[in-house]
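Just dropping this structure here.
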Amino acid sequence: MARRTAAMLYVDCVSSLASMDFRMDEWGVDLAVSGSQKGFMLATGMAIVGVSQKALEASRSAKCSRTFFDFADMAGANDKGGFPYTPPIQIMYGLRASLDMLFEEGLENVFARHARLAEGVREATRAWGLELCAKCPELYSDTVSAIYVPEGFNSDALTNHIFDTYGVSFGVGLGEMSGKAFRIGHLGSLTDVMVLSGLATVEMGMADLGYPVELGSGTRAAQEHFRNTAKVALKSAA
Amino acid sequence: MARRTAAMLYVDCVSSLASMDFRMDEWGVDLAVSGSQKGFMLATGMAIVGVSQKALEASRSAKCSRTFFDFADMAGANDKGGFPYTPPIQIMYGLRASLDMLFEEGLENVFARHARLAEGVREATRAWGLELCAKCPELYSDTVSAIYVPEGFNSDALTNHIFDTYGVSFGVGLGEMSGKAFRIGHLGSLTDVMVLSGLATVEMGMADLGYPVELGSGTRAAQEHFRNTAKVALKSAA
Amino acid sequence: MARRTAAMLYVDCVSSLASMDFRMDEWGVDLAVSGSQKGFMLATGMAIVGVSQKALEASRSAKCSRTFFDFADMAGANDKGGFPYTPPIQIMYGLRASLDMLFEEGLENVFARHARLAEGVREATRAWGLELCAKCPELYSDTVSAIYVPEGFNSDALTNHIFDTYGVSFGVGLGEMSGKAFRIGHLGSLTDVMVLSGLATVEMGMADLGYPVELGSGTRAAQEHFRNTAKVALKSAA
Amino acid sequence: MARRTAAMLYVDCVSSLASMDFRMDEWGVDLAVSGSQKGFMLATGMAIVGVSQKALEASRSAKCSRTFFDFADMAGANDKGGFPYTPPIQIMYGLRASLDMLFEEGLENVFARHARLAEGVREATRAWGLELCAKCPELYSDTVSAIYVPEGFNSDALTNHIFDTYGVSFGVGLGEMSGKAFRIGHLGSLTDVMVLSGLATVEMGMADLGYPVELGSGTRAAQEHFRNTAKVALKSAA
């Protein structure tokens, strides 16, 4: 899809790359930024950047300040098989192993697995009678679900209580969602069984704080979803 | 408790040491055998053996065959700070770290944690309407629960199905329990949240195979138990 | 040492911090930058920055572009025990272990060890009849030695040959030293015995390429130095 | 080579397998024992046993005591893809990686590498004017060299001094060699450069204790050997 405009399409795919479909060239993306610590299942420490020919050319005459990373430094060193600065070798070896895992599972299967896990979380949310921040399926993310707490409850109190009592860390609501929503991440090296653990924990926390939510209801809804889709998952992997 | 008999008290504490109370001297134990891979939370590769003075003396004149390990070889080398054979250094360093973790938590807290987790598994078993192999509380183990499947079901079919479908490995029934019971291990570096994950998985497996068990019932019973005892757990840790 | 000037004193201590003495406050340093991957003996992935009150205040009104790291972001999050971005947790745990190692050895001993190892490298350089880039002892670094190759030789050919033939990587000459000098790094978790290995390797490479250097001469000079100072090293550690 | 005798040929290849050639079937070996921690470059924790059909059959009627390991237990479980006892999973995964490394280098190259490294140690021994315990080339081992110290010196004092002063651990003389010889191991993931480090250390220790050995002489002899054979090593790897 060629774009006849000077505008650039930038994509922050930190929390989605390698867990959900992404097509840089086909979608006409000019700059994509990701990291080692999410879908690639590695330690923090390496940014992964994709740049289109158009953006690369624009960077040569761009006037915006750049203090840390310049495509020209990197391209010059990379051409000779090197790096302009000390590279995170350990993560580059790790990336090789991550890619092996991802390709062995098959990207189609990786994406299908995340879609199935995410739907389990959404089924649990519905069983709890709570609402996703994403208002319609087109906005659903298969790697993270932000969930509104009921009126009169503070989502930060929930995540703090769960961390203190059960030792599990959930994401807080960011920006205008602060105090109103919490986030369940579901990406990377994750299985249905691991998701159930997180859902059961959220339920204990909500029950402890008097939420109008039936204990076990979301876990059971996710169990049903996972049971009913287990064979499909097995089939698509075969 | 001095024993006035030539008989020896041997204890297999492979699956209990460092997770449940054990008092070698106070209980008059002559020989205790454990391993690195259970309560000590390490890789397989090191046996841990305790021997009483009485057993050590008896070993000098014992006629039973011994082809591999002799207390005399070990004691002689240990006296000089050495080992008669190549020792598993990596596990000995690991044991130092494991002991630090156990002592930091406090043995009393470690034992209480295992008792609480085990009771959660037993509550789930009751909610499922199933029976433990241990017939009375005195026989309960806080590190593993063996559970009878209902008449007409084969426990090996259950553990095989769960492994194939959900990637989780439960213990099979051993000896005369073969096919009649499966085992849930609950020891080592384990939390309530991790136990819920296992229980929810067993339920999916039983539901898949048509067990007369309500999906989610055991998980919910364990959630109730863990919620109600969470503060106690926190208090005893403080 | 209070400075009565608006000028700032910036120190790049990437390759020296934790191996050589550094006194930020006492020396009136305004900004010091280091990393995880040298003296702290960790993987690449974390910058370590020190900033004086004076520089912090200046940063509030500074007009220079900053696109990546702002003290204000970091200070705000740190105050609440957090980070503005995903932190490299694994390296922060590693840093705890590195600091334990450094403090157990004792910083005075760590600095003395590097001075002793560096002098071994300098003794070898003298025995080879070669010259250090550092023209006088005040300029010597105890963490890296840059060494001129003789007239008519190319230092890059030497480092390439050694890498290809012996699998050891030495630093190339940077900037105007390119082709004229190579660098031997000697910092971090390093012993006299490990230094000898590097020196013997450099000698093999120089002999292979026809350098007017006697094989084994530098290694022997360093052996003499290490032998003669071994007791001192032991004593200062006691 | 079929053997027409009831006698069995047992081989202890703990310190040689995967570093030197070994042909169980071709040489008519009945029982071979090795371990994970030498040529396979792994942690201690797994025995590796090879058994001929003849020995396997003999074991069925053998009367010698066996308390720990029985081929029948192992064969029965292995047939069903299992183990009779808890297996050292971590070492089995490690073995897969070790074998990948060995096969990538090529067994012929692995054996040639050990022969070259061993000859370097022997050249150093000759330069020191010392004698190997192995009296003729047919008895040389390419994985370990036992070296007599001169009359009037105690080899244990040497290994103790080197460990205390330089932090390097060499093998003591075993059995009747006790006090008379020390051992340099040279197997596994080892390079010429690493060997030089060990030789230079032995020299410092001998010089410290007044041995009639010229400092640096053995290191230099090994450097010469490694230089002269580096191209051969490179060629055979190509």
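Letters are used for the chains, namely A, B, C and D, taken in the order the chains are written, and counting of residues starts over at 1 for each.
The rule we apply is simple: contacts are C-beta pairs under 8 Å (C-beta built on N, C-alpha and C of every residue); 3 or more make two chains touch, one makes a residue touch a chain.
Remember, predicted model here, so these are calculated numbers, not experimental data.
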Each chain counted as touching subunit A and subunit D at once: B, C
Where subunit A and subunit B overlap in contact partners, by chain label: none
Per Cα centroids, the chain farthest from subunit A: D
Rounded Å distance between subunit B and subunit D, as computed from the means of their C-alpha atoms: 38
Length of the line joining the C-alpha centres of subunit B and subunit C, rounded to whole Å: 49
Approximate Å spacing (C-alpha centroids) for the pair subunit C, subunit D: 37
Multi-chain contact sites of subunit A, meaning residues that touch two or more partners: none
Which chain pairs touch, all of them: A-B, A-C, B-D, C-D
Subunit C to subunit A touching residues, read off their complex: 35, 37, 43-46, 65-69, 86-91
Touching residues (chain side subunit C, partner subunit D) in the complex: 164-168, 191-194, 196-197, 200-201, 203-204, 207-208, 215-216, 219-220, 223-224, 226-227, 230, 234
